[in-house]
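Each chain carries a letter (A, B, C, D and E) given by its place in the written order, and its residues are counted from 1.
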Amino acid sequence: VAGASVRPAAAASGALTISNESGSLWTCAFNPYNPAVTGTTVGFMYEPLVFVNTLQNGKATPWLASAYKWSDGNKVLTFTIRKGVKWSDGQPLTAADVAFTYNLLKKNPAMDLNAIWSVLRSVTQQGDNVVLTFKSAAVPYFYYVADQIWPLPEHIWAKVKNPVTFADSNPVGSGPYLMSKCTGQNITYTANPGFWQKGRPYVKTVQYPAFTSNTPANEELATGQAQLGAQFIPNIKAFYTSKSPNYHYWFPPIANVSMFINLTVAPLNQLVVRQALAYGIDRPRVSAIGEYGYEPPANQAGIVTPTFGSWLDKSLLSKYNYNYNPNKAISILEKAGYKRGSDGIFAKNGKELSFSIINVGGNSDWVAAVQVIQSELQQVGIKLTPENMTGTAFDNAIYNGKYQLAYNFESGGPAPYYELRQLLYSGNTAPIGKPAASNYERYSNPATDALINQYATTTSVAVQHNIVDQLQAVMLKDVPVIPMTEEVDWYQYDTGSFTGWVTPQNPYAQPAIYQLPDDEQLLLHLKPR
Amino acid sequence: MSGADGAVPATSGPLLATRGLTRHFRIGGLRGHTLHAVDGLDLTIAEREIVALVGESGSGKSTVARLLAMVYRPTSGEIVFRGQSVSSFKRRRDLLGYRSQVPMVFQDPFSSLNPAHTIGYHMERGLKLHRPELDREGRRSEAERVLQLAGLVPPSAVLAKYPFELSGGQRQRVGFAQALSFKPKLVLADEPVSMLDVSIRIGLLNVMTSLRDDQHVSLLYITHDIASARYVSDRVLVMYAGHLVEHGPTDEVLHQPLHPYTRLLLSAVPDPRAELKVTSSDLGEPPRVVGPGEGCRFRWRCPLAQDVCGRVTPRLQEATPGHAAACHVTVPGPAAGAAPAAQGARLPGDA
Amino acid sequence: MQYALRRLGFFVATLWACLTINFVLPRLMPGNPALAMMSRFKGRLNGQALKALEIAFGVNNKQSALTQYFSYLGNTLTGHFGTSVTFFPDSVSRVVFSALPWTLGLVGVTTVLAFLAGTLVGTTAAWKRGSMLDGVLPPLLVIISAFPYYFLAMLVLLFFAVDHHWFPQGFGYANTDTIAFNLHFIGDVLSHAILPAFVILITSIGGWVLTMRNNMISTLSEDYVRMARAKGLSPARIMFAYAGRNAVLPNLTGFAMSLGFVVSGAILVEYVFSYPGVGYMLLQAVENEDYALMQTLFLFITVAVLAAVLVMDFVTVLLDPRARKQG
Amino acid sequence: MAMTTMLPQAQGPETVGPARAGRRRGGTWGVIARSLLSNRKATAGLVILLGFCFLAAFPGLVAHDNPQAEVYLPGQGPSGAHLLGTTAYGQDLFAQVVYSTRESLLIAVSAGALATVLSVVVGVTAAYVGGLVDDVLSLVTDIFLVIPAFPLIVVIAAYSKNAGDPVLIAVLVVVGWSYGARQLRVQALSLRNRDFLVAARLRGERTWRIIFSEILPTMTSLIVAIFLGATLYAIVTAAGLQFVGLGNPETLSWGTMLYWAQNNEALQAGSPLWAIMPGLCIAALGAGFALLNYAFDEISNPALRPVRRRRKP
Amino acid sequence: MSPQAPLPPPSAAEAPDVAAPRTASGPVLSVQDLSVSYWGGAGPARAVDQVNLELAPGEFVAVVGESGCGKSTLLFSIAKLLTPPAEVTGGQVVFGGQNMVAMTDKQLRAVRWRGMSVVMQSAMNALNPVASVRAQFADAMKAHGERRKDVVLARSEEVLRMVGIDPVHLSSYPHQLSGGMRQRVMIAMALLFSPELILMDEPTSALDVVAQRSLMVQVKQLQAQLGFAIIFVTHDMSLVSHFSDRVVVMYAGQVVEQSPTRPLFDGPMHPYAQGLLEAFPSVYGPRVPLLGIPGNPPDLAQLPQGCNFNPRCPRATDRCRAESPRLVELGDRRVRCLLYEPGGTDGAKP
């Protein structure tokens, strides 16, 4: 192989090495609908129809679809498929392929990771167009059906007996790269000469080693053997940026890390208690100690800033003013009839404000954050007992509602609506003991539901903002969850060997390599120096 | 069975008796041979009796003692103690009772003391188990008493010693003292004095006789020292290659030995005061106890061997009351010819 | 002969019991593979994906536990290990067999080396009880073995690979290599194995040293050792054939067991060095509730350990006539 | 731990009279004390362990800071105020190290001791009693030998809600005893036919008594080695479990300190002492035990005990 | 100290069963003022106290004495096999012209077994429990240069037969042998080569008289053929009387009498020796109660003032309680008793 080695010399030869703790060895399967391997597949070999950029308020860039159009009261979406795009085996990419892909997901719900067929009625090919008919107005679903769908070549996948377990070890895609070699330790990608954007990608070889743990991955970055990183690096100044002026990082926030409250558990179902919790926590301190300040403190409105700053209703936020205020927390509780016991913990009717908070033991930053929260709440007379578990046990508990408090986050989307819907939509929840897809706190309010449903029917930005403002009010009034810090994209880059990086000034895509299909945008922008 | 029972005074049952006691060992690797360590042994020990067990080295004496002490389980046969089969002793109390009445002194004093414990520990444990009536103080004085009896002085110093600090003979006496401390009925003593010098040996032998006379203790005294056997024992049993070949009152056996092996044995007994009679150095064939088959096991070395000796295993036959031997030639029994048992036995040695 | 049959019988019984535990234990863990996948890709997967994953991994197919159990036993016997969830959709056999040689090579060799070196040091230290050697080496090695070995691995990695580029920074071989049986590749594999091997080696010698030394000291005061001296045997002969051979039995048993455990690899070392073995895979299987992978790895471990123990039982009987049953 | 049972209490110094008392003062404990003090290495080990015990018992006397309080400037180097500097969370590192002693010592010693006791009981009983008992106990041992630790702790932690110390200790014992049991069984097998055991049986000793007072003392050194092994295993495994997040990182122990240090890349990110100190402490604890081991040569083997040379009066 | 003349290396060609003519020049062994103490809590116990002993080639010396008087210790110190807490506190052992006490390990190894072999008292423990008899024999032979398998086997079988053990037992393990058999195996092992000196510590205590006697006859024959010297510790006076050339009587670590055998039996001089000879019962004579020697052996760590034997001696005087006797030479006999010292107690000779 004309492959470069992973030594620092690699950069000179124009190869990019990615350092990202994958947690396991590579499987060498490339089925883009297999969630275990999408990270090494999508964006390299498979592409979306439209690229939606979260960091630019959901700005849509036509990609494999050259155009799209909503019609019929936002119930029908028509994609016009780009001409001249070829699969890497030389066959043209057609609307038939795209329609086939949608219908493949319908036939195999195991591949329908975003449950698009829960809102889709049918998908048909009409010439160069693919027409998606929804059961009802589904504007926000655009993100899932346009950005989170990767068309497959029908001539190959139609022959596959079980596409769910199909390994796709010789992936045929339309993307900028070809998978040229895969071992458990490393995947080598080489540029796809037939890529539909002539001259791209500029980086001809990409090495993607599998790191099972953080330290070597970090080391690889710090020593310049990798030029693109996507992980948490403690004390990044000492560890990374101080090593070279070319080393930079940017951690753009994209979602909230929140304290989830099981609203079915007394006395957490009482607003005062939730408010006291919200007042009693010093979020900047949680951010500073738990997260090295990488993850900025969140606000109770649930709007991630600065990413979605334009959506935030600042006046509303300051009206409720959930900034750290221990005295207020105490006075609220006292007003509600809680009395402090000899141990300093508030109690009413003999029931102490003492809660367990579940957490994932492997996420040391969260564990640290919860320790901060614990000591702060102790001062306002609320006792927290952290229970750390494995990720799976944690999810099991939170999905099924078997917890009191939990430290967790949910995926966001290209607008605040996506996360707020996850948090507040009662259709997403489930009774205790049944797994809920989101809305783990079991929040249910018909008015809120109506707002959320209304959002789906409109493409008007103004209306959308109005709805989100009202959803913020719900967050502030009801305090169903308490956002703590903001989940960020982990992203380190070395300007010494490549240019064209995502920067705060030019946020053309989410920069973390595991963000799909944003990774393709990044790879296409990079140029060897 | 025949002879053995007759040897016991009719007035009381024997203290201990065995019937057909047999013990085989499997030796060797995969092919495996059976070693007949003890075969069909009938013996009795009366109350207040010292029985000496003599015989060739490797003839199974220690095995007998171990069988009687219930170290080994017999391959077949039965041991009866005071009218009860010992195999019926299942409960701990019964077993403990038997063990305290019938203690054993081991042949090898070097391996029978736990190297990690002091002599005091050994004594203390025995007393604790078998003399529950004693308190701490009583146990100590009893331990000192028996050690003193065994000639280990000063007993308090000996108690504090570890086995490795004692000489062979000293360890041997510790073993004997332990057995005495139980207040036994029957001591199974496997060569208890072999490593003692004559003067201490005499002391111990005197202890044995006085135990018998004063406390009615019986003793199975396994030894190679014929003279000491004679000095203390009432009866002698002679073993050869797993078989009991002769038994009878001590003086009778020593003075009128019936079995050719007994004669050989006695002829070899040295008298330190006399010159060595240089007889032919008779090492003979070592006894064949590995898959021995039928026949007298002494026949290869026997000057009197006949055809029948190779075919039929001789049984013990009484020659005179209480004195029996297993030999086709000197005590022909019903097995060999039709001659009635123990009648008119000629004693070739007597001529 | 009878002894062998009897032991074999118990071997089978033990194996069955272990297989059953290996079946039950993973299923007692909270959650299921789909959930595990969800938490693995937290934030990258929409909550809706859970349903898709449950279908993909067959979480909700309503098979009774008993049916599952019997098909598991059957599949185990016939070598059908199923599909891994962690490495979905790879078959477990492929995953395991591609990783196992790395572990066997790395951990196997180091285990043997550690045992040999440790036993040797222990023997010598006991022989020279009270000497400098005895005073320094065993405590030193034990102290080193008291270091958590991922910690040591980290230090070693930092010093030898990161600060001074003397050795590669982990992995089983250079990423640019093709797996082949040639000198270049073998050399590369060796250079990658040195650091992890070194760490395993120095952290595991201590245990062997200690057992061997302590046992040997008890043995050395036995009469037969004195006798061996009287016979004028060379010190080496006394040390090894007389004292050593009597003292080594517990260590040998330990060795057999460790050989069995080679299959389970050195989890954290592999983790730190991103070594492509089964040790870290095992941890992942557990974390991902990958029943099939877990069961298969445990099966391998179980069989290897039990077989080693069984062999050791026979060897003990061979080496120590006193352990043989009498009568 | 096993030692206390092994050396019989019944035989106090009073039992054997004045001569004995004069010779070996203090009986069993005297022997242990003398062995510990007569050997410089063992004494050093004892001092280390006692030091740790002291820290475990009275951490507050040594460290004056609250170990958990995140109140200082994070990531400071050693200084007068903070002997070892501070963690990335602004905790006083010295206080953390000191306060962690209790938990680490507790886990190590209790898991090590319990596992050893279990190995001794099972291993030696199997070997000594033999027959079916041996077969069954060996079977059980083998099963535990291969019980996988990780899933077990996940399961137990899930059912007990929190992988706290008792759970951790229980898991360490469950997965840690069988190894030693196997080794002890082999060793005991070679003792089984020794005459002194036969003698003890004939004396009428109960089986458990033979196992504990007759066999064990002769195997003390192996048992000590196994105890050391089990303890080290407990320390290292506990730290390992905590390291991968399966323990309870809330608690203060050297293992959890390593977890925190590791997760904050302390070695590389400017506070190396955070990682090195707990590692060193674990090793020092191991060293203490290892050095203590030298005393057991003499405790287990009376023939090796040194005697003070006193000239004849 | 004698000059360290190297021992002629045992030649491998010399078949062990072939008699090597020995030059009868000087003693094989000369023990000079040897003292050994055991260091115990109560101070040193003198188990061997200034023992002097010379052994001519081919001589058979019996050592008798009370149990615990230091016989085994003496043998061990001659063979340089003592382990702590025993310590040689004085004197030297000259074997084959070399001082054993000063020899290096390597020199010692060459001397051992080919030059001097040992039969230990603890026969069971002295055999390696995990090695078959065959292996242990082969070991000894290999250590001294004999590597031919057939030779080793033949010789092993030969020595076993010599001591009356079926060669089947070559493949037996020690625990499968009876007490007497183990002892004979040990003796056989000592006979593998034809050393110049064999130290035997109660080698026949577990043997029946037949085996004992034939064994001794064998040994004597071999001795006559090969000319090795023997130090023989025993309690069996008849063996002493029938087989030994010279007797050493020990009491409490000291040699109390040393004499050619016959004269000793005819007229023991030391009161202890006298007591010993009166203490054994007879097989044929009348059964008379015997008393042995009254009193108990002394504690070696706390010896009485004066003569060690004085508390038990029927003829002890005040002087005996005050003064330690020297070993007096009387012709070819030596005795340690004030009775025989010039100006003895009452001048009465036995």
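Everything below uses one rule, namely that a residue touches a chain if its C-beta (ideal position, glycine included) is under 8 Å from a C-beta of that chain, and two chains touch if they have at least 3 such contacts.
All values reported here derive from a predicted model rather than from experimental measurement.
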Target chain E, source chain A, minimum contact steps: 2
Touching chain D and also chain E, the following chains: B, C
Farthest chain (mean CA position) relative to chain E: A
Which of C-E and B-E has more C-beta contact pairs: B-E
Separation of mean Cα positions, chain D and chain C [Å, integer]: 23
Interchain centroid distance [CA atoms averaged], chain A/chain D, Å: 47
Centre-to-centre distance between chain C and chain A (centres being mean Cα positions), rounded to whole Å: 38
Whole-Å gap separating chain B and chain C, where each centre is the average of the chain's CA atoms: 55
Chain B, residues touching no fewer than two other chains: 25, 108, 110-111, 154, 157, 164
Residues of chain A touching at least two other chains: 215, 219, 222, 360, 390, 393
Multi-chain contact sites of chain E, meaning residues that touch two or more partners: 40, 42, 83, 122, 124-125, 129-130, 175-176
Residue ranges of chain E touching chain B (in the complex, touch as defined): 38, 40, 42, 64-68, 71-72, 121-125, 161, 164-166, 168, 171-172, 176-181, 184, 202, 205-215, 217-218, 221, 235-243, 265, 275-277, 279-284, 287, 289-293, 296-297, 299, 301
For the chain E and chain C complex, residues of the former touching the latter: 79, 81, 83, 105, 108-114, 117-118, 120, 122, 125-132, 139-140, 143-144, 173, 175-176, 189
Complex contact set, residues of chain C against chain A: 29-32, 35-53, 55-56, 83, 85-90, 95, 98-99, 154, 157-158, 161-162, 169-176, 178-179, 270-274, 276, 280-281, 284, 287-289
Chain B residues within the chain E interface of the complex: 25, 27-29, 54-59, 62, 107-108, 110-111, 148, 151, 153-154, 157, 165-170, 172-173, 191, 194-203, 205-206, 224-228, 230-231, 254-255, 264-266, 268-273, 275-276, 278, 281-284, 286, 288, 290
List of chain D residues in touch with chain A within their complex: 68-70, 74-75, 88-90, 154, 157-158, 161-163, 244-250, 259-260, 262-266, 268-271
